[in-house]
Amino acid sequence: MPETAALLVSCPDQKGLVSGISSFIFRNGGNILQSDQYTDVEAGIFLARFEFHLDGFQIPADQITERFRSLAREFSMEFEIHFSDHVPKIALFASRLPHCLEDLLQRQQAGEFKAEIGVVVSNHPDPGEIASRYRVPFLHFPITPENKKQQEAEELRELRSRGIELIVLARYMQVLSEDFIANYPNRIINIHHSFLPAFVGAKPYHQAFLRGVKLIGATGHYVTMNLDEGPIIEQEVARVSHRDSIEDMIRKGRDLERTVLGRAVRLHLCHRILTYGNKTVVFD
Amino acid sequence: MPETAALLVSCPDQKGLVSGISSFIFRNGGNILQSDQYTDVEAGIFLARFEFHLDGFQIPADQITERFRSLAREFSMEFEIHFSDHVPKIALFASRLPHCLEDLLQRQQAGEFKAEIGVVVSNHPDPGEIASRYRVPFLHFPITPENKKQQEAEELRELRSRGIELIVLARYMQVLSEDFIANYPNRIINIHHSFLPAFVGAKPYHQAFLRGVKLIGATGHYVTMNLDEGPIIEQEVARVSHRDSIEDMIRKGRDLERTVLGRAVRLHLCHRILTYGNKTVVFD
Amino acid sequence: MPETAALLVSCPDQKGLVSGISSFIFRNGGNILQSDQYTDVEAGIFLARFEFHLDGFQIPADQITERFRSLAREFSMEFEIHFSDHVPKIALFASRLPHCLEDLLQRQQAGEFKAEIGVVVSNHPDPGEIASRYRVPFLHFPITPENKKQQEAEELRELRSRGIELIVLARYMQVLSEDFIANYPNRIINIHHSFLPAFVGAKPYHQAFLRGVKLIGATGHYVTMNLDEGPIIEQEVARVSHRDSIEDMIRKGRDLERTVLGRAVRLHLCHRILTYGNKTVVFD
Amino acid sequence: MPETAALLVSCPDQKGLVSGISSFIFRNGGNILQSDQYTDVEAGIFLARFEFHLDGFQIPADQITERFRSLAREFSMEFEIHFSDHVPKIALFASRLPHCLEDLLQRQQAGEFKAEIGVVVSNHPDPGEIASRYRVPFLHFPITPENKKQQEAEELRELRSRGIELIVLARYMQVLSEDFIANYPNRIINIHHSFLPAFVGAKPYHQAFLRGVKLIGATGHYVTMNLDEGPIIEQEVARVSHRDSIEDMIRKGRDLERTVLGRAVRLHLCHRILTYGNKTVVFD
């Protein structure tokens, strides 16, 4: 029996939801450790997260989903149940810049992520050395306009065969195709090096420098069909001044990117994020 | 019937708490708008806040507390129920510095606080002019070591007769006696002009200047018998450098103090704070 | 004799600039209190600020500008000299929202600005009450598409006749015409309620809510012909979450707007800002 | 000839300082890139930093110090001149926690520090593996109360023989003796895991948890005889809530520690810090 379960629910708002869910947990012998709820009153939508101890739970873990389904049907719930003994596999995609890749590998080693880093993927050979240092398999997929479709198909095959559940773009500079993204809906996290929606697209630090902003930022978000427009998970900023050259902004930005991406990945792995419209609800 | 109710609960952790409370609300026709829960696993303590719509609730508002009591007894709960149609009266205590006092009066006028400012109290005559500008009654209680006990007794009489439920010390420079504080347990909010526990006591900006810190702060906290040691509600900091004189720190600090005190008072008035040991649980 | 002078200089970069300027000050008996310099190496531009004590200065204050001119000509400098005994007059433009207007009036009263608030101008009658409370003259100029040109001309006449040197748009909701702006180049400060360049134009908090950002911001900038695109003086952000409604963002934003606008106005009044291209150099 | 020189000066305030220094630079053919100055008016102390291009400078680099001395004597200056072609050697001291050590090694690799990491020193064998990964020599000095004096002497011998100019304590958990510290005055940078002066001494995150603060911090400072009381170089904070366990604080704190220590070391290596009393003047 796993130690805890995290139940994520979204459905039309109605009376009896918290009562129904918590009673299901209680009746079966669970103890709720944390419950979070957000109701969008205008849209009439209920979103919630329940984390409960399974010690003494009367339904075997592999039957909980099935047994919850009748309650879910009654309230038209969409739901997910995640067990604490499941260690998901994640893939890190990187290009030439190593700081986010190294940072994620170190966080994993420090125990910040309850996950296994199953593979590092890159369009460049350079990250191979870093991956090998952390004993993570490395796959090199050079991308050209001509081979992109084929390479992505091959990547997907590799990801599937390795059981990858989450893809993290750690400053991966290739744009993924819609087809690719459709295979991992809300399961691809990107770090964009600006406080979105400012400075979408290429070279945001150059744009920031030209505009003369006094704060630079970084944004962790899910990847959707629309470039830099997916649901935002986390953002942070740092102060800059006229003295900061583009190189200084890039340097300061590295710290932001690492911190924000680390937080976003952790929130996802702790099952604390629900998406809804083009936004996230983060129960942190 | 008021629009909503906020139920604050604390008790020993045990199975069935969320289920029991939410079922009580549901069975009686309430719709939970927001629920927050924190379990201190080590201490075995459960703290929670439920906000629910009363539209269609089957128990008259003035009987809800009574009817909830049996459930509360079963689980050894301490609880409070606050109704949205109750507009509490607060007293603002100030000395000579006007910025926090004016700020709170303005926030109230802007609709940030669901409260009535019932009286402004000061050991100086100066705040009288500000109070009158906002048409708030003003009481002047000069304090000396000799008259302190008597003046405090008189203040308490005034506060009681006006039905004051919360006291906010808006840079009030007198130390309240233990007796006085005992009358408003966790109902007196102070702003201390440092990031506690750094720089307790007098002249924290001078202390900060001497120590050469690179950040100054402000702390909103409940007042207890131990000066500057009560449960912390909110803190914030601002950057300073060698160029900032003590006067600059005091100026920058004013912005911090206003913001932090404003937030702390609002959290209290929205019934989002539970105290526990010498700490707060803030469900924001 | 005023106590201090602030000399702002910009010119093509070349050897001997700091030496030339500081020697001018020293030879004439001044003591430099603070000197700041920024060289844009790529553009070959030198920007600097010297603040010096005039106690014992051998050139009368009213001749310093004239006497500095030959040095300035030699190095093709543009320069300004500001004396500490000059108290500039500023005009505050507001619409219906009072928080920035009140805040500026209070900061002035607290001694944060070395300036006189010469007039409050509004397209609404409401700010008149606030202005009168602080004993500041109030002018009401209702603006319609038809009368705008004429009203602006009248406003300019009033500003000139009162000797206004700086205009602060304290959440003034009318767009100023190019003609109007041309009369106060880099002398009109606006507060925009977003972290520019994100969310230009109308209703930035609504835009922020829809985009689901995790930080909201405010930007103090000089007003130029291009709406929301003038040189940025100061920016700040605050954290928001899915729980924050648009109203919550507006409330949190008020604190940001006040703080940022207060800082921007103070930096301008302390002669700490040089503009350059579409950017500012802030010597704080 | 090196590209640039950084001149750091401190002396009693008097007229002619900026002029004298900048004229020395100009007369000898230098071009000032950046100049910063701070005058403590009360204490009558002048502190300044001049960075200038040496292209075309008429004094050979190895004679500049000598030639500047007569000016320095005239004004009773203490001064240092640092040349951009000098790459100082630094020693990293670590114990068991690897995050700061790894972070500094990575920053160095990313080009953030113009320095060579000459050696990693630890009282534990563990950091050896990390050091070897970055091809940095590793020295293991187990410390006991009995051998401390002797081991420190041996460490100093090693540091001297390797030409170490700066020691960085990257979460090094041993207290250095006064004798040791006296060998590297203002040349030992420590990261303390709290916003000093709050939570001096051991286990600051535990202290922070018990006190119920809403912000945790980190402080980079020079090490002096008085533990945790040396001049503060840089500080930063992060928000925590009741939900954060001590482990969460430690995790969030790692990000703070890395960022703050990285900044402090960089500021030192860029010769941007002057100490003065028990404070720093940071010209950033």
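Note that the chains take the letters A, B, C and D in the order they are written out, and that residue 1 is the start of every chain.
One rule holds in what follows: a residue touches a chain if its C-beta (ideal position, glycine included) is under 8 Å from a C-beta of that chain, and two chains touch if they have at least 3 such contacts.
Small disclaimer: the values here were computed from a predicted structure and weren't measured.
Two chain pairs are in question, C-D and A-D; the one with more C-beta pairs in contact is C-D. Of all residue numbers used where chain B meets chain D, over half belong to both copies. The two sides are thus made of the same residues.
The geometric centre of chain A is 37 Å away from that of chain D, both derived from CA atoms. For this pair, chain B with chain D, the centres built from the Cα atoms lie 42 Å apart. Residue positions 38, 243 of chain A are each in touch with at least two other chains.
Viewed as a contact network, the protein chains are fully connected, with every chain touching every other.
Residues 13-20, 22-23, 25-27, 29-39, 41, 239 of chain B are the ones that touch chain A when the two sit in their complex.
Only residues 98-99, 102, 106, 110, 112, 133, 243, 251, 254-255, 258-259, 262, 284 of chain B touch chain C when the two sit together in their complex.
Those residues of chain C lying in contact with chain A across their complex are 38, 195-199, 211-215, 217, 231-237, 241-243, 277-282.
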